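Provided herewith is a single structure, encoded as structure tokens, for subsequent inquiry.
Order of writing sets the chain letters: A, B, C and D. Residues in each chain are counted from 1.
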Amino acid sequence: MQPDEIKKLLAEKLSKGELRAVIGYRRGTNPFFRRPLITSAPEEVEELDFSPLGVENLCNYITIEVRKRRNRRHDPEEQYKPTALVVRGCHSRALNVLLQEKLIPREELFVVGLPCRGVVDPRKAQALWHSRAENRDQRNVVIDEQGLFELKNGERVQLAKYEEISDQRHDHCRTPNPLSYDVMVGEPVADEPVEAEKQFSDVEQFLQKTPEERWSFWSEQFSRCIRCYACKNICPACSCQECSLAKDTEQPVDADAKVRKTFWLSKETDTADNASYHINRALHLAGRCVSCGECERACPMGIPLLLLYRSLAKQVFDDYHYEAGMDPEAKPIMTRFNAEDREDFMEE
Amino acid sequence: MQAKQANPVQEDNPYLPNSVKLLEIKTEVGGPRPIKRLKIEKCFDYRPGQCAMLSLPGVGEVMLAISSSPTRETMEFGIMKAGVATAGLHGLSAGEYIGIRGPYGNGFPLDSWEGKNIVLIGGGIGITPVWSILRYVLDNRDPYGALDFIYGARSSADLCYHEDLDQLRGSKELHLHLSIDVEEPGWKDFTGFVPQNLLEVSPKAEGAVAVTCGPPIMIKFVIKNLIQLGFQPSQIFTTLERRMKCGIGKCGRCNIGDLYVCKDGPVFSYETLQRYPEAME
Amino acid sequence: MTRYIENLKQFLNEVAEGYRLLVPRERTEGWFFEPYGDGQVQLEGYPNTVSSPKEYLFPQTETLYQYHGGEAGLEYENRIPEQTRQVIFGARPCDCAAVTRLDKVFLEDDKDPYYALRRENTLMIGLVCPGAVGPNCFCTEVGLSPAGSEGMDLRATEVGGGLVIEEISDQGAALFDSSSLKNSKSWREASEEEAAEARRVQEKAIRDMAPARNLAEVELEFDAPVWAREAEYCIGCGICSFLCPTCHCFTIEHSGSKKKGKAIRTWDTCQFQDYSLEASGFNPRPDRVQRLKQRLYHKFKYFNDRYGMLLCIGCGRCVSSCPVNIDIRKILAAFERKKSVAS
Amino acid sequence: MTDPQAISTKVDEHQWQPKIIAFLCNWCSYAGADLAGVSRLQYPSTVRVIRVMCSGRMNPSFVIRAFQDGADGVMVAGCHPGDCHYIQGNLYARRRYALLAGVFDFLGIERDRFLMSWVSASEGGRFAGLVTELTERVRALGPQTQLSGRKHATG
């Protein structure tokens, strides 16, 4: 279906009360990426924007909504109307992870699939704008499939081609087309995605470095982490209500439960603590991270977190030939085992 | 070469606790949320209604109302086990050492209450700041008018300081009005919630001040009833509770509007609180 | 005396001899303040840093005191921060104004000794903005200026390939009497034209950044629908507070055992759920809407009521770094528009 | 595999003594360590044993926390596949620690500081050999500084 038909369909469904809300992207004040749109007003659906600037992974808004409802003692018969959610390929894999773990019921979703030909990398676009634009006023930024332009008294001057501002994650993307959807925006992406075996070239390239080089790279990165937990709070797979790594979430109420609860980390932000936080989180994402890249995009300090979490995804793929979120019915990888699991890392 | 400049050691470090020996620790109330009474020597001067930050090494700090009167040589705290620090304090025994810093907060404006009748209304653990006033007024009785002490809890077993309460029953220095929420055999005093007990006692508003501390729901209804009895908002005082870390109005977390509960409070008149929507949530 | 610096590199080398010098430096992830170290500094194309110079006065993590327990009792021992004299070079006027806000909180009654020691040993050399340097600057909309001198000891303006340095405070002037700079060739007295050119650069910057709105006198409303609408997107992370040069909230945590350990102070943010969560389980701000409201009320009303100045200096960092593009200017405009309509 | 009996136990004081933490599963490895003690096998006294009910009970954050708290080497030992008292505890653990080893490797954290192995109740000698092996490796690497700095949250 064409974008305008989809907007009309969603607006109709909303006004007929068939949908609880529509969650998608819309224009914000930051020209380098779109901001989320959560609305139940049919007239606001017109603002929906399907451009490559809509990068965020919106699944978390569903997880929060479902959890808020489950926390309230609600009457079981209360009928829950589905929520429309705009979903790219990697986001549909994130949805599958949540469905696998029964965190959100499929019937409460009306998935608007958005085939993805690569999204804009907001950090790259902003850096190029900052260095190449004559007048840096952000109101003159224009970004579309052709690239980055500056509006100079009404006329577009190209500053960068699309390749220069596109997110290189697309080269490793296994699912340009959403895996499951109720309606799709436009035509699916025709060309074949990268083969499974070649999808981790970025991790393999990093592994060429010596252990010393690797640690000096990562310890420098971890030393800059300010533990703002944006990587955790924006991650669709980070769906625990009580996080064991950060104190910024729910706490038990009972005093003894508080005493028993172990916090693995204090709020101190030195390299060792930051490293432990990221290692623990990486382990929690093994076989669940779908490489949507939100952690790296949200990180204000520009730490290449996706590379770390994809190293886990690579291990899980190499050892068990499992890719996160490809099949909503599959049993999560870390809840399974089989006899031939490798033991080469162990002392014989 | 960076020129290092020796700086004088900073004497008045408001965050640095002093260590103090625990004289006595007594269980006042049992049950799921037990209350214990802690006694230490008096480490600094203070006014009724002020608080102190008790610090347990390796566990953390907790801000508590000082429940004893400044006229006494020892300081007392009533501690309900609710979090990690209070649970730690409950685990202590006499003779162990804890850290203490303070006093913090504004305390009750007692000197402006001279010549007035005082109505104290406490509920559950809310007794601690009110108890400090009661003891202080009893220790120098004559500047103040009539003294009514209305205090209630869920059951008789939940009443704090019950030995001291029994001693006060006969005293002519004050009118004692105890209550428990639920019917109990052998209970001779009022049965029902504290706000209803207040209406029973119905103290005259004229020339009086009222102080109420306890769970937020109780404070809301007590204030409603006090207004009904003719008390002006400026005659009604309460203490508010917020999470606190620094105690000196810097760490930013205990604010109600532009007021910091730890520094501009915890004692507020209802007249002040009416201007802050966030206060009485 | 107004001075002129031709050779910035030589000047900074000399400053680095007597002080720990921090300069803005570009990395792939953006501009950050870093120790001067090997001495290359380049101001061409310098917008503003990603994280503010606040961390050099109020570090994200510091040890307050140590304690040693045992039968004999419990000793608490002050941990004095190292008092190396430092110079923060190239801080923008908004970040220098932020320091005066931090001074209000930390230096007034019950002085915070840790902050006070660092503050006494810090010189701020502010660098005037030629115009809107950052992606979302709005300092003029909160009553500040790209050429302001609030919180500065020396004000530098880029003129003719060098810097015109104006004395703002006595400590700033005293920098040039320090041993390594006293009779150095790296600076000389500025000529009349250079000083006049500096003023022209400053006035042009102020003209270029004419405020589109006046956010200094917004009338916030507690129950306005905009709070809930915007808070619905917030993911509850700490970016806006940790990057903000005026956010000063912190938490104190004990770390160690009963016998030995220390108390550490780290940044905290009202956007985290456990920030005001009480031991009883009651939380005065349980949802993100109350927390978003608290952050903006504190910056645009509470701090103003208490200290007579806004706690927002318009640097735009929270707007540029918010992963879901919550823009406080848009939220505040909802209140400002109502004000102009009413009057 | 060094022969456990031949290990010299003369510990010269000035040599640095690494701290090794060993998480041993209650049913097999802990019993194996007991056997090593009962049959007077000599092995370095650098190890501190923590008994867990099963290697499957072990959360990798225990290992990370041990390193954070200053351990120089950490060893995890469980029952051989098929012997697990809880049938599959060790099989789950195997996957988790394969990942942990992989992450340490990816980040450049000294891999030789972490050792995992199966030790049955009858393999006292094997336990002593593993402790000796790990102690020598850690001694070669020196004190652990990458993840230590030793903090844990309280209050």
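The rule is simple: a contact is a pair of C-beta atoms (placed from the backbone, for glycine too) under 8 Å apart; a residue touches a chain by one contact, two chains touch by 3 or more.
Not measured: the values here are computed from a predicted model.
> Taking a step as a move to a touching chain, how many steps at least join chain A to chain B?
The fewest steps needed to get from chain A to chain B is 1.
> Tell me which chain's centre, taken as the mean of its C-alpha atoms, is farthest from chain B.
Checked the centroid distances; the maximum from chain B is D.
> I'd like to verify one number: the distance from the centre of chain A to the centre of chain C, where each centre is the average of its C-alpha atoms, in whole angstrom.
The computed centroid separation for chain A versus chain C comes out at 31 Å.
> Rounded to a whole Å, what is the gap between the Cα centroids of chain B and chain D?
Centres of chain B and chain D (C-alpha means) sit 52 Å apart.
> Chain B to chain C: how many Å between their CA centres?
38
> When the centre of a chain is set as the mean of its C-alpha atoms, what distance in Å lies between chain A and chain D?
37
> At least two other chains touched by the same residue of chain A: list those residues.
Only 247, 255, 258, 266-268, 270 qualify.
> In chain C, what residues contact two or more other chains?
251, 253-256, 268, 277, 279-280
> Could you list the positions in chain D whose residues touch two or more of the other chains?
151-155
> Which residues of chain A touch chain B in the complex?
255-256, 258-259
> Applying the document's contact rule, which stretches of chain A touch chain D when the two form their complex?
It is residues 203, 206-207, 209-219, 244, 247, 262-268, 270-273, 275-276, 279-280, 282-283, 286, 308, 311-312, 315-316, 319-320, 333-335, 337-339, 341-343, 345-348 of chain A that touch chain D.
> Mind listing the chain B positions that touch chain C in their complex?
Answer in residue numbers: 1-7, 9-10, 12-19, 21, 55-62, 82-83, 85-86, 97-99, 216, 241-243, 245-246, 248-255, 257-258, 277-278, 281.
> Any idea which chain C residues touch chain B in the complex?
Answer in residue numbers: 17-20, 64-65, 67, 69, 73-76, 78, 80, 82-85, 105-106, 109-113, 116-117, 120-121, 222, 248-259, 261, 263, 265, 268, 270, 275-280, 282, 284, 290, 294, 297-298, 301-303, 305-306.
> Under the definition above, what is the set of chain D residues touching chain A in their complex?
Interface residues on chain D, with respect to chain A: 60-61, 64-65, 67-68, 81, 88, 91-92, 94-103, 105-111, 115-118, 130, 133, 146-154.
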